[in-house]
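Note that subunit A is present in both complexes that follow, paired respectively with subunit B and with subunit C.
And then the complex of A and B:
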């Protein structure tokens, strides 16, 4: 989810507040295919990812493109509106009841020494790692991937080399949306959810992205690990209800101390 | 090859170019001279379709490109090396060059183009794995020119390639422009370094506050009282 946010911000310079709604939809589509058609939720991403990529491209073409040149507040409000719409659509279709996916795999656990880990968590963690590796390969080794980075770093220079910036915007938005839906599909294995699912995660996702640097995926992955470690340690010393507090403390500290995130810090060190 | 007629460009209320006309023939080096703010960069940006002209036409090889999307201009064979170089600072030198060959017309020839650029700028080859933002100004300028060449243009437009460079590097950059032209690439050169530009160019135009005030061969320009006084300081 954080990757999606970082990708869309990096290329289009807008903050996709609808990401949480897409995450929630990804979870619902996964659940619905399992509930109605008995499709194994592990296979759901095969449908969810292309479906939401197309949805994202369409969303960019029809809606987001119109506000790209305007003040940031316009796209913020627009995408916040999209989030509300998605939420309410989900209430209408699936009601407000809490849903959960229960398959033998979801409940299975494995013992690693003293730890009891669920397979689902291991699977989700690996999927995150593979996604990062895949994204990194795509962005560094393909023409389209390089063009996406080019638009993120200098839009005019990209135009001057013949990159169709409109197309890159649409593709990047599509990938960002697909990533958020994929994250939702994965998280539906771990958590039960209702149409409000994703709100807290979205806030954490902002922290992760800010922590990692707004346009670096490796930085974002580091940010995610750092934040979850901070939360895990924090839990030993304070009440669980204060867990979210940690995210925000981290966010504020990072914004003051090194506003360009871990990646920005590394970059300025590398440049000397 | 490139023909601009009656071009008018403004940003909002401010008019930057006023009824500009110029032409570049195949194989030439044409320089566009003028002081800061005269509209030289604006003219190049209009040709590359980064900005919309208010009136007038731009045609390239007899095709009208006045309203074409920027990517089609590159596809038609025009590359611009922009002022300030505008590399992608966080990418490697080689990635910068490879992106230069993004246009369809260039993709099939990437390996050959890369070799040609490295032959022209051996120093760029040494630095190919380095992050572009860490290069010196002169090296960055060479990468920017190389990136322009990667699209295999028939017309290369260079905007202030000598800006901010040490004299010895300027000579090197100008020599490379001559070499590029010798290979059959037509060059439109915007320069504040008028003496250097007129050494390279066979013809030139003088732009002042949005209008072409003078044009002629190198000899005519060098002989003109106005050019000598205003731009050569003689």
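And then the complex of A and C:
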């Protein structure tokens, strides 16, 4: 999910507040396909990813493009409105009841030495890792991926070298949305959820992205690790209910101390 | 001048409503909410509209005001005496927040305020000895509705007057300069951080007092109601729907918001926020000046 945010921010220079809504929708679509059509939730991403890619591209074409040239705060407010719509549409359709996916696979566990691990967690971990590797390959090895990175670095220069910026914007937004929905689909295997699902995670992924630096992919992975460590250590010293507080405090502190993220810090250290 | 006379007429009309219809409790209650939300929207607008610093965490100040009143009333203070303390505590808290967060700009500031708002809610939720935790606090007594009505009306009138004064003052111009270009403002000799902090403190003080009235009206407050993200959301939506950065806009937005919400909440829960999401998107896309925009054009065409 954080990668989706970083990608969208990097390319379009807008902050996608609707990501939490997409994450929640991804989880619901997975659940709904399992509940209504008995589709194995493990296969759901095969449908979720293309579906939301199309949705993201459509969203960029119809709505986001109109505000791209305006001040950043305008797109922030717009996507915030989109989030409100998604969330409350979900309330209307699926009610506020908490849903969970329960298949034999989700509950199965495996013993690894002294640790008891659930298959679902292993699956999610692997799927996440493979996706990130795939994304990295796509961004560095394919023509379209390079075009995306070029636009992220300098929109005008990319235009001059013949990159179709509008198309790149739409594709990047689509990928970002698809990643968020994919993350939602994976998380639905681990947690139960309701239409508010994603709000806290959204803040956390902002936190991760900000920690890592808003347009650096290595930095984002770094940020994710740093935040999980901070939360895990924090838990040893304070009540579990305060766990979320840690992310917010880290977010605020990092935003203030190094607005360019860890990657920016490293870069300036190398220079200076 | 015409505007001043117009506002005085509206104020006078609002003041005689309870005299004309002393038993129309539904109407009085609804108008009370319009004034209260109008106050809240106006105070958000001072920072978010005049200075362009969009905050998603303003519920924190409302919550602090509400909790101050509830806690002090629990210690036996008279309710009226808690009003200024509620404002003052919210203002002090805003200083603590403003100093670090104003180093950030635009969207970064907005994100940081989400964090601040949620962090205050979580603290209120977990500091049970002071706040009663998730079960909240209850006030023992409340002033009669008619007193609440005039209190909210007076508060709203004072806040709108202050906002109007600010907008037309040197301070207001400095805020407008920050909104359009912080670097240029700094070059022209505006101390941007100090000016933004001033706006935040004024805004927080008003919200703190509004929070105090909020607690008196609802009698029961909990971290999710007073500090909730929904509250922060409505604070953002009202001024934008009405007309961001204007004087009448937040009031118009508050009136629409309150009436729509009361109607929708009764019949279709969740639909109110859905409707506001749609309205917010529509306004941002088609009428960035809010609902006052078409009205302004009409007046200009005539004049």
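Rule of thumb we're sticking to: the second predicted complex is superposed on the first by the 263 of 272 C-alpha atoms of A that agree within 3 Å, B and C clash if a C-alpha of one lies under 4 Å from a C-alpha of the other, contacts with A are read in each partner's own complex, and residues count from 1 in each chain.
Just so we're on the same page, a residue touches a chain if its C-beta (ideal position, glycine included) is under 8 Å from a C-beta of that chain, and two chains touch if they have at least 3 such contacts.
Owing to the predicted nature of the structure, the values given are computational and were not obtained by experimental measurement.
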Partner chain in contact with A:149 - subunit B first, subunit C second, else both or neither: first
Greater residue coverage of subunit A in the superposed arrangement, subunit B or subunit C: C
Touching partner for A:140 - first (subunit B), second (subunit C), both, neither: first
Which of subunit B and subunit C A:36 touches, first, second, both or neither: neither
Which superposed partner A:160 touches (first subunit B, second subunit C, both, neither): first
Subunit B versus subunit C as contact partner of A:76, first or second or both or neither: second
Partner chain in contact with A:66 - subunit B first, subunit C second, else both or neither: second
Partner chain in contact with A:88 - subunit B first, subunit C second, else both or neither: second
Set of subunit A residues, in rising order, touched by both subunit B and subunit C: none
List of subunit A residues in touch with subunit B within their complex: 140, 143, 146-147, 149-150, 153-154, 156-165, 267, 270-271
Contact footprint of subunit A on subunit B as seen in their complex: 48-50, 69-71, 73-75, 79-80, 82, 86-91, 95, 98-100, 102-103, 107, 131, 133-134, 147, 150-151
Of all residues in subunit A, those that touch subunit C in their complex: 15, 63, 66-67, 71-74, 76-78, 80-85, 87-89, 91-92, 96, 199-200, 203, 206-207, 210, 239, 241-242, 244-245, 247-249, 251-252, 255-256, 259
Parts of subunit C lying in touch with subunit A, wherever the complex brings them together: 52, 54, 56, 100-101, 103-104, 106-108, 110-112, 114-116, 118-119, 122-123, 125-126, 229, 233, 236, 240, 268-271, 273-274, 276-281, 284-285, 288
